[in-house]
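The chains carry the letters A, B and C, assigned in the order they are written, with residues numbered from 1 in each.
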Amino acid sequence: MSDALLSVRDLSVEFTTYGRTQPVLHGVSLDVPARSHVALVGESGSGKTVTMKSIMGLLHMPPASISSGAILYDGRDLLTMPRRERLKLTGTDMSMVFQDPMSSLNPVFTIADQMSTILKYADRRLGRSRSRRERMQRVLEVLAQVRMREPERVARSYPIMLSGGMRQRVLIAMALLSEPRLLIADEPGTALDVTTQAQILKLLKDLVEERGLALLMITHNLGVVRETSDYVYVMHKGVVVEEAPTAELFAAPKVAYTRALIDAVPRLTGARPAERTEAAP
Amino acid sequence: MSDELALPEDAPRLSSAYQSWYRFSRNPTAMIGLVIVVACVLAALLAPWITPYPDHVGAVVNFRARHLPPSADYWFGTDNVGRDIFTRVIFGFRVSLLLAVVVLGTAIPIGTVLGLTAGYFGGWVEIVIMRLTDIALAIPPLVMALAVAAVLSPDLVNSMLAIAALWWTWHTRLIYSITRQLRTREFVEAAETLGASKFHILFREILPNCVSAIAVKTSLDCGFVILVGASLSFLGLGIQPPTPDLGTMVASGSAFLPDYWWESVLPGCAILFVALGFNLLGDGLRDLYDVENVR
Amino acid sequence: MEFLRFLLRRVLWSLLVLVGLSMVIFIIARAVPGDPARMALGPTATQEQVADLQKKLGLDRPIVEQYGLFVVGLAHGDLGRSLLTERPVNDDIRDTFAATLELVLATIFIAVVCGVPLGVVAAYWKDRWPDNAVRLVAIFSAVTPSFFLALLLQILAGYVLHILPTTGRLPPNFDFAPGYTGLVLVDSIIAGRPDAFLEGLRYLLLPAISLAAATMGQMARITRSSMIDVSSQDYIEASRAFGVPEWVRVCKYMLRPSFVPPLTILGLEFASLIGNAFVVELVFAWPGMAAYGIRTILQKDLNAVMGVVMVSGVFFVLVNLVIDLLVGLVDPRVRIRGSRQ
């Protein structure tokens, strides 16, 4: 599947803290074909966030180091390409929706300021240029695309003036600024109440489908997986333990750990599963 | 960040003792601070036995040996009446440390109790106490000590009282902010639910959680109190001659600048040295206890 | 509007602080075992002279009335008369305050302009050599007594290198005196006298550096820890993911939210800065309020001392109000919520 848009090959990452080295990813591989919707699921500490940060180039090195593997985007290895080339892709062609709407926006700058700064430097890396006015126009356009009713007012606001749901939409808008082909979403909306989260996921799904984007959804919530993805990778302790099309995974999980995860999803109807499987050791 | 550092469950956990030891061993400044502090305290305690000319503490005059530069006989040189400056510096530590002990010994208990009270009870108690600290903050300790010296008489006890009368504010603010955060924590609420007395909650539940912050603050403050005390005696409002006092020595030596520079510079370095020790130690403790917001 | 309400509340609290301060000062001044008039005049004065002065200063009235008069005077900006010279304390302080103001402003300028960038550098290269160097500088500047630094600078720049003057505010017999604002650096520009500006600067440099060192170290320390705090925030990670260049992240996205703690500390520690100004002014024979204060203290001129302490307090309160305003400008959360927390 090397024709995938994003392909993580055999990625191993380790951390060095307090003078000791600790591997946290052991040969993780996953593929996100163009226009596909893939989920990466696992409990906290499973390595899904480290995988995401490795892809986006957000690992702090040190303490982290990538001991082996490759991350192919469009067939080119992000880990070996020159930094400049990589920066042309991250944040623009492959972009990211952040998890926590309360803490992912800078509290002391307006939304317009933060978004147009992102756009300005994205343009600069790609060798494009836009006037201030054009940038502002683009910001308002994207804010409207995430179904913001009053884009001008939102743009003028500081984050503290917006509700959690609105801030989460701003985070989505930020990811869309430079027309990405791949969107990596890190548990968007987990910090919000259930209704708002459902709206955010619906919005994200609609946007991704409208534009034919590839989506890599990173989550611990199997409900979100079922809602948003066609193909799932299950991670546990730094290893991909199972991968399957979403429907298949839910119908017949192969690994005990996956079964445990599925059983852990609260149900509103039906009896408790007759036979509870303990989490894999 | 938390995800990055999360380890697989079966990885060997690093014990907190190992982490503390690791951090302390990687922090040479804390060790240097500790050594300086211990050395100064020991020197001050043992001054009569370790100094070369213990009788130079008093009003000894030896005109043949006046203004001698540092040498093997007189490590820090001699002053304008021929007394050994090194001896007087070591004895000067006594006054500095005494000042720190008395001021902080008064200020910390007061500041802690007021901070706990204001932070835990809230309401008008909080308003009264915190406004009092605001008022006290507006008065420079040095100016206060000057004013008290003007009203009463310029001596060490009055200066110490004047400084202590203002210094509690910093401890009150520190303990207050910690207490306010702890007030709504589960272990406090649990104690309340169990019907524990206010005294128990303040001193058995909350206070132990302030200890590391108090330790850091105390260490840093020792240095700063010594500096304020030195400024006071530099202005002539500290302990009166002939008892050796570092600030007084700098002041009287400065009359002979720049020719007999050692008479003011070396006692000045001594003040710097002891203040440095307490500061490094406080810094090291702060890193160790992870109480970044204590200054 | 919340911000206006916030500022108004701060102004009211400040007034309360000043009232409290006036009480504290009054209590100290009247706690004298003995008679202020007698103390001021000395043991040689006759009983009539003492009684005369007591009457003139209102010392013969009940203590509450005396406090009332003191506060009424304060409200009119009247600090009473000196016990010794019988000159209004106002006049003395007005003559000396400008020099202190100039010194303190220069000090704050140096402390912020050097301290904050040092803190940024230390935070950026955390745990590497620039960080260690800055920490060392910060610790040393915090623990060097300012009078000692003043002496060292005098020796170095004045006696050894002969590059800067070591006492006074302007050369003796210099044909320029500050007028409108009382600040040499400002008045010389207004008067179009670049030579006076340069001279004023030369004389200002050493005292200001001596006084600034401690605050500068503190600024560097607080800025550093504040920057490190902010650097681990999600929004900094987010701006990194979106490819905002590093210098913009550090100098804009990290610095601005980091700015409130150092500002706050500058305000809180302003009292100890004034305290240090007393010693530094003495060492450099700077003709400021502190030098005046020390002189009056040694002469046991209580009214003058009360005036000096009160003016220090007002100075402290005003600086903190300005800082509240600045904090609001830097951080919109304060403007919108109307509180510091």
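Heads up, the rule we're going with is that contacts are C-beta pairs under 8 Å (C-beta built on N, C-alpha and C of every residue); 3 or more make two chains touch, one makes a residue touch a chain.
For reference, the UniProt names are A = Dipeptide/oligopeptide/nickel ABC transporter ATP-binding protein; B = D-ala-D-ala transporter subunit; C = Peptide ABC transporter.
For clarity, every value in this text was computed on a predicted model and none was experimentally measured.
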Measuring centre to centre with C-alpha atoms, which chain is farthest from chain B? A
Given the two chain pairs A-C and B-C, which is bridged by the higher number of C-beta pairs in contact? B-C
Calculate how many whole Å lie between the centre of chain A and the centre of chain C (Peptide ABC transporter), each centre taken as the average of the chain's C-alpha atoms. 51
Distance from chain C (Peptide ABC transporter) to chain B - Cα centre to Cα centre, in angstrom: 23
Touching chain C (Peptide ABC transporter) in the complex: which residues of chain B? 1, 29, 131-132, 134-135, 137-144, 146-152, 223, 227-228, 230-231, 234-236, 247, 250, 254, 257-258, 261, 264-265, 268, 271-272, 275-276, 279-280, 283, 292-293, 295
Please give the residue numbers of chain C (Peptide ABC transporter) that touch chain B in the complex, ascending. 13, 16-18, 20-21, 24-25, 28-29, 31-33, 135, 139-140, 142-148, 151-152, 154-155, 159-160, 218, 221-222, 225, 229, 232, 265, 268, 271-276, 278-279, 282-283, 293-294, 296-298, 300, 302, 305-306, 308-309, 312-313, 316-317
Counting only contacts in the complex, chain B reaches chain A at residues 2-11, 14, 18-19, 22
List of chain A residues in touch with chain B within their complex: 15, 17-20, 22, 24, 44-45, 48-50, 53, 59-60, 64, 237-238
Chain A - residues contacting chain C (Peptide ABC transporter), complex: 56, 58, 87, 90-92, 95-96, 98-100, 103-109, 114, 117-118, 121-122, 125, 158, 160-161, 171, 174
